[in-house]
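The following pair of complexes shares a single chain, chain A, combined with chain B in the former and chain C in the latter.
Up next is the complex of A and B:
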């Protein structure tokens, strides 16, 4: 019993379409009824949103391609200026019927675009049917000129032609609506795939060498491990392809039969768990993972996060430590930490009420350059001359993103910095120069 | 221009020939301030050739060091798009999402060296892999638009290099109008590869160097400085098209690879297939450079202990930059040849012989003035003394002999230093330093055998076990055999003798092994009294125990090494004529390489005499001379103030100081009014101070300025 029915299209095409878009039948039939027949006017603009990889782009593409509707498909990230975007639309429109026009017409404003768009429709003989303009990742439109988004929403009205603009986005319409108001598009939501949907979609594309049931059992195990952390269809498909050869291993070696689900599960489960900690987090790359699988004795490849150690010049280390202290200690406590005869000041004596929360929970605070240097001079054992090298080291720490400049860049006003490294990092650094940083941190008194 | 004519009119002035500017060469600058013209030219030539030698040598070393890394990268590139070339239709290939192959290249924090690395990397890639390389820097790419422009510009330009010359103008024209989008990049790539394919019969060489469908390599030189948005957008855009052309990214990372995860969210980093490559640590890099450049007899110029220490300190404390270290060494070369007239003799031995013979009388006098040479003369017999001091010919002879001695000393010094390093580098806690450069510095500084550290390391060496000792001796033999020194045959003989003795000992031990040791007897007895007794006996016997054969031998070996050290590792400044080949003005070097702008500014303002050299300004200590420039007076007065300075008080103090010389005339002192001229001078001084960044206007109080600096440095 076919779910999709429409008088304008032959049932065979619809059936084919239905097989291509599993689990999205209701959305497709909704779209079909909005589109109507080829020559009928459709809704001026449609806004489709849903979470990452919920099939928005894929469904739109297959729908327009299988029904052979005239359309233009543009990714807004790729066309980062409005000019590029408009030109791209025009180029695609002109290339629709194989008459390649070499030089694209410059199109700087939306006014030009409307004019050229109408010309293009005439030249391509598209006046009597609906033309669809699909803008993928439409959230980028908000960053272009203010008129672009409202104009696209009213393109039908502006051009006075039969055209429908479809916006695809991952965020809700409320985040788009400009202050000045605009034409409200028809809003359609693509819900996330459920685990059953994922199972169904992933099992559909099984390798030709193995039976569908065998592959489906594999997908079942895979989802059991990964569904908790990842519902991204693309990512799951990728992981499935990566680990399938390992799953097949016992079968290939004739240690197990295709039906031996339990044995296969025992074989693959620890492997998948390891994949979750490494490949999925991009600690090691998928090609490295594949090579690991090929080797008989799996050698260890260190992940990216294993290489956290950063070698720094001696004074840079102390500058970083000084910056950390300046960022996480209140100014008043400097006297206690860095003066030799500070007297007996206990923590309770100078603790104000609001300082009871840990500074480490509040994050780094900005500090002026003078304070940084003052702390540096007092924590380094030997005398440090304020040479040009010291100052350039501060700047290079900023370019390495270990420090960051706060506020305006006026050198005369005295620049202010923040230390952006973590406690673990600074402790590792301090250990290399035999500096007990915990003793100098107000939070750990 | 003025004329002598009284009437008005037009006058022609021909430019005087003297005033024409001659573009000065480096040689001219070098000659400046030198009286001896002829020699200075020769010195300049020697200096230049030496510098060139150093440059090529260090570059070669660096290439060798980077070779491994580059090989790995090239094989990675080869791997990354092998599938692209084969166009496989396998199932896994279809279902797997296409990731962009990415090399995370961790290069260390010495950012100044990266340029060189990237340059040689792109050269290597260009020669072996692909002509399509784009180097991107963060400062050129504040937005995705600029990035694409830069990328397309670089790629399409390089296409001209490969393509034939007819198409050049066509490329030039189209480049200006090209749309900065990925589609145009792909179109370009298709046409470029097609063209090289069709050209293969004619140009076999180019195509055989590169692969079929060479990858497009995009290098991000400084990953840390790129903004997140630019990187993200670029990765997303290129991942859309990765199926259409082979793109490879290389991220140059200075800190740690974790920066990728902190810059890119998971949704973006999951589009990348990241592999990690690590370059050699810069400290190892420096050790190699020092080992191969400074610790050889290859270059006639040597660095004294202080100079070397300055260079190493700048490296370790400040920048970690090997390039800067080499630049420092080159600066030493220039300084030495520029400042020392006798540096003319600082060249290879054969050349030096000729130059000694052609020394002028002036130069001979220069030699006689050298402190080390004076010491040498004093140690000679009286007739010889007279001959050396009066006759140039006998002086030349002596100088030649001394130079030869110095050369022999160096030939012996370095191998023995390495031998000593073999010993000291394996001792616990490294009393003489872990690195050979530390040992070298210690030996140059003063007689190393007189230091405490040397004592303690000998003590430790006397406790080494046999296997260590044997391997060390073997290493020493290797070092000495491979070195060109002439006197080493005897030493090598001796060391080999030691080795055979150790061998014999071992055999003897195996025979004696059966005899029961007292420890074993001890275990049999359980009586407490007896135990105590035997323990006491044992202790006594140990105290008076004769040394075993092994221990004797060990002492002998250590003593022999000690004697070698005493013979060959004499500090260089005990050698006569060391001034000729050793550069030792560390203060000059420090001034040039480790500048202290604040201190310089403070001295200039606080003590103007140091720069202006005017006798009137010579003052002792705290008093303020009214002869000093106005800004100096204002500066000195402002040093005495707190955070906020009252301008009126400052002006009054200023006028008091300035008018002090005219004597305390009654009318000036009594009137509150300050002279207009002085007022103007004061305002100018204050605004100059503001320009220099010492003060700034304050909003807290009117008529006040805020101080921005503290302390007198």
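Up next is the complex of A and C:
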């Protein structure tokens, strides 16, 4: 029984529409009833919000295209200034039925836009139908001039024409509302897909060579691994497409039959776990991943983060270690760590209670150059002369963004730095020079 | 309608200018959706139908959202008075000169009387922010000097509009204000509800119209419907919210379901009052929910001080190591990606702007959800693992 019904549109079109938007029938029927018939006035503005990949853009596009309603579709991230946005809307309106590109109409202010919009409607013969202006990623409208968002919400009133503005966004309406208020749009929520819905939609893409059940079992496994971490339909579709060939491998090589779920699971599970660390995080590109799958032996996957492990010269490593110690140890503890004859430091009650003040949670602190050099001299065994070589190595560390400069260049008491590497990184470096850094860190006392 | 008194008042004011040639200025002040534009349009419609006014009145409609500075406003005035040709390429020394020129050009042939001009300034409070309030100063100035009969009507939602005017502008304003305060009681609200939903006598299908209208009458006496309306009335009195509610209820009307029922209205009310943030939390992954609970605990222990990703990750690790049996210990980059998704959804917001110099893990943030919202959302979250629920409910983070 068809779910979508509307007297204004032929039932065949509605049936076609229904098949294109699985799991979104109630939202589409709500939109249909708000739109009404072609010539009827609709709400001046509609705000649709929902999670990433909950089908807002897709459903809107499909609905407007299938029912062939006159519309303009603009992405606010693409047109990030008001001028680009307004000109894009006018261009799309003029393009309407013609195939050739219309010349861009200069449109600086919203005032001109209103005038040109009315002219464009007349020239395209659209005065008797509702024209829909859809603004995707509408949260970018907040970054433009202050009058853009309220003006769009009232476009129907300002132009005195049959136009409806639809805003699509992930962010809730409360974060959009201007200070003095505005014309409140009709707010519609697109609920997120449940695991059942995701299963249904993902299973629709099954390749024709294999049965639907086989593919559903695969989707089941995929969701089992990834659902806790990712419910984004687009990402899951991407992962499903990338890993399916690996899943089919045992069947292709005749090692297992389609129904041997345990064997297939054992084959694919480590693979999916690896995918979570690499492709999901975009550490390696999809083409690298596919190439990896074709190789017989598991080769070394060099992800993006691996490139941060540069090979540093000997003194640079010690400079970096000294910088890390300077950033994460409080100044008063230097005496204890780096002098031959030192007293004990008592961890006071205050410190014990406020574990939050562990420097590893708060982040690196800035330190002056002198302190860095002092620590460096005490941790390197042989004597190091303060040559220009050492100073230039400090500068190259700053260029590599392993250190960062804090404050202005023209400070009188010398430059201050901060160490911006993680604990794992510095431990790897320290290991290469046989230096036990944990012994020297205050937080691990 | 309930604002007949204001309507008469405004109409009198406009008649003074249009018929008798006096200059005036007034402000219509009222919160959003209280009917300011509706009132003005009604008065203008009646004015235009008057015999004496028929051809005599010139209208200029300006809107603070469209005319964002005085230059644009002046061009718009020129355009609406159809004086572009007259102005041509002339260059004026000041705004005042230009405006005076425009108004001079409107004088009729015998130069003794001039066409009265009505200036309507919508979103009046936005004009106040223009440089030196030049447009307002000049308009009010002209309305005080007796050359051209001019009426300036401003519509604004700000109650403190007079304090925003500069002294010289304020002194030229006649201080005539009309306040539209939505000051009706619930009984009247109920009557408005009935009126809005009833079909007019001109409706083609008379039998259906009668069935419909009697259904509406029944609904307005129904206790559940009155409760729904009372709820809305306590939240917001303006008619726009009522329209949204009715629109939501009406969207259920189909050929198979031709009359609205009380349950339609209840459904609509529930939908209207949904907590949007709770909806967003409903769609988060389990990992993201865990991060939110970690942030909630941090907020409780450290009394709302801002936190960074490293601290949240630390809390999460403590949970994984001690209590979780169903949560896999995800790697740090995966947890970072989940955290960045929360940032993208604006559930967590950084306190300062992120710069290239500082590392992402140490940027201080705050959580934009409060405890009740989190706990309610967790109740509604589908298939929430019990460990996670228990961790959320526990108020001491080291248990």
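Operating definition for what follows: the second predicted complex is superposed on the first by the 301 of 445 C-alpha atoms of A that agree within 3 Å, B and C clash if a C-alpha of one lies under 4 Å from a C-alpha of the other, contacts with A are read in each partner's own complex, and residues count from 1 in each chain.
The rule is simple: a residue touches a chain if its C-beta (ideal position, glycine included) is under 8 Å from a C-beta of that chain, and two chains touch if they have at least 3 such contacts.
Quantities reported herein were computed from a predicted structural model and do not represent experimental measurements.
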(message) Looking at A:124, would you say it contacts chain B, chain C, both, or neither? Reply first, second, both or neither.
(response) neither
(message) With both complexes overlaid on chain A, does A:114 touch chain B (first), chain C (second), both or neither?
(response) second
(message) Going by the contact rule set out at the top, does A:400 touch chain B (first), chain C (second), both, or neither?
(response) first
(message) Under the stated touch criterion, which partner chain does A:52 make contact with: chain B (first), chain C (second), both, or neither?
(response) both
(message) One more residue to check, A:62. First (chain B), second (chain C), both or neither?
(response) neither
(request) Considering only touches as defined above, state whether A:238 meets chain B (first), chain C (second), both or neither. (result) first
(request) Kindly classify A:7 by the partners it touches after superposition: chain B alone (first), chain C alone (second), both, or neither? (result) second
(request) Using the touch definition from the top, say if A:75 reaches chain B (first), chain C (second), both or neither. (result) first
(message) On chain A, which stretch or stretches are contacted by chain B in one complex as well as by chain C in the other?
(response) 52, 281, 305
(request) In the complex, go through chain C and note every residue touching chain A. (result) 31-33, 37, 63-68, 72, 76, 125-126, 157-158, 240-241, 244, 247, 250-255, 274, 276-277, 279-280, 282-287, 302, 308, 310-311, 314, 327-328, 330-331, 333-334, 337-338, 341, 344-346, 357-359, 361-362, 382-383
(message) For the complex, give me every residue of chain B touching chain A.
(response) 79-80, 91-92, 95-97, 99, 101-102, 104, 106, 108-109, 111, 143-145, 148, 179-183, 222, 224-225, 233, 236-237, 240, 254-261, 266-267, 269-270, 272-276, 278, 281-283, 314-320, 594-599, 693, 696, 708, 710, 713
(request) Provide the residue numbers of chain A that touch chain C in the complex, in ascending order. (result) 5, 7, 30, 33-34, 43, 49-52, 54, 109-111, 114, 145, 147, 150-151, 154, 157-158, 170-175, 180-184, 186-187, 189, 191-192, 194-195, 227-231, 276-277, 280-281, 283, 305, 356, 360-364, 404-406, 418, 420, 422
(message) Can you tell me which positions in chain A touch chain B when the two form their complex?
(response) 52, 75, 77-81, 84, 87-88, 104, 205, 207-209, 234-235, 237-238, 240-242, 244-245, 281-282, 285-288, 302, 304-305, 307-316, 370, 385-390, 392-393, 396, 399-402, 411-414
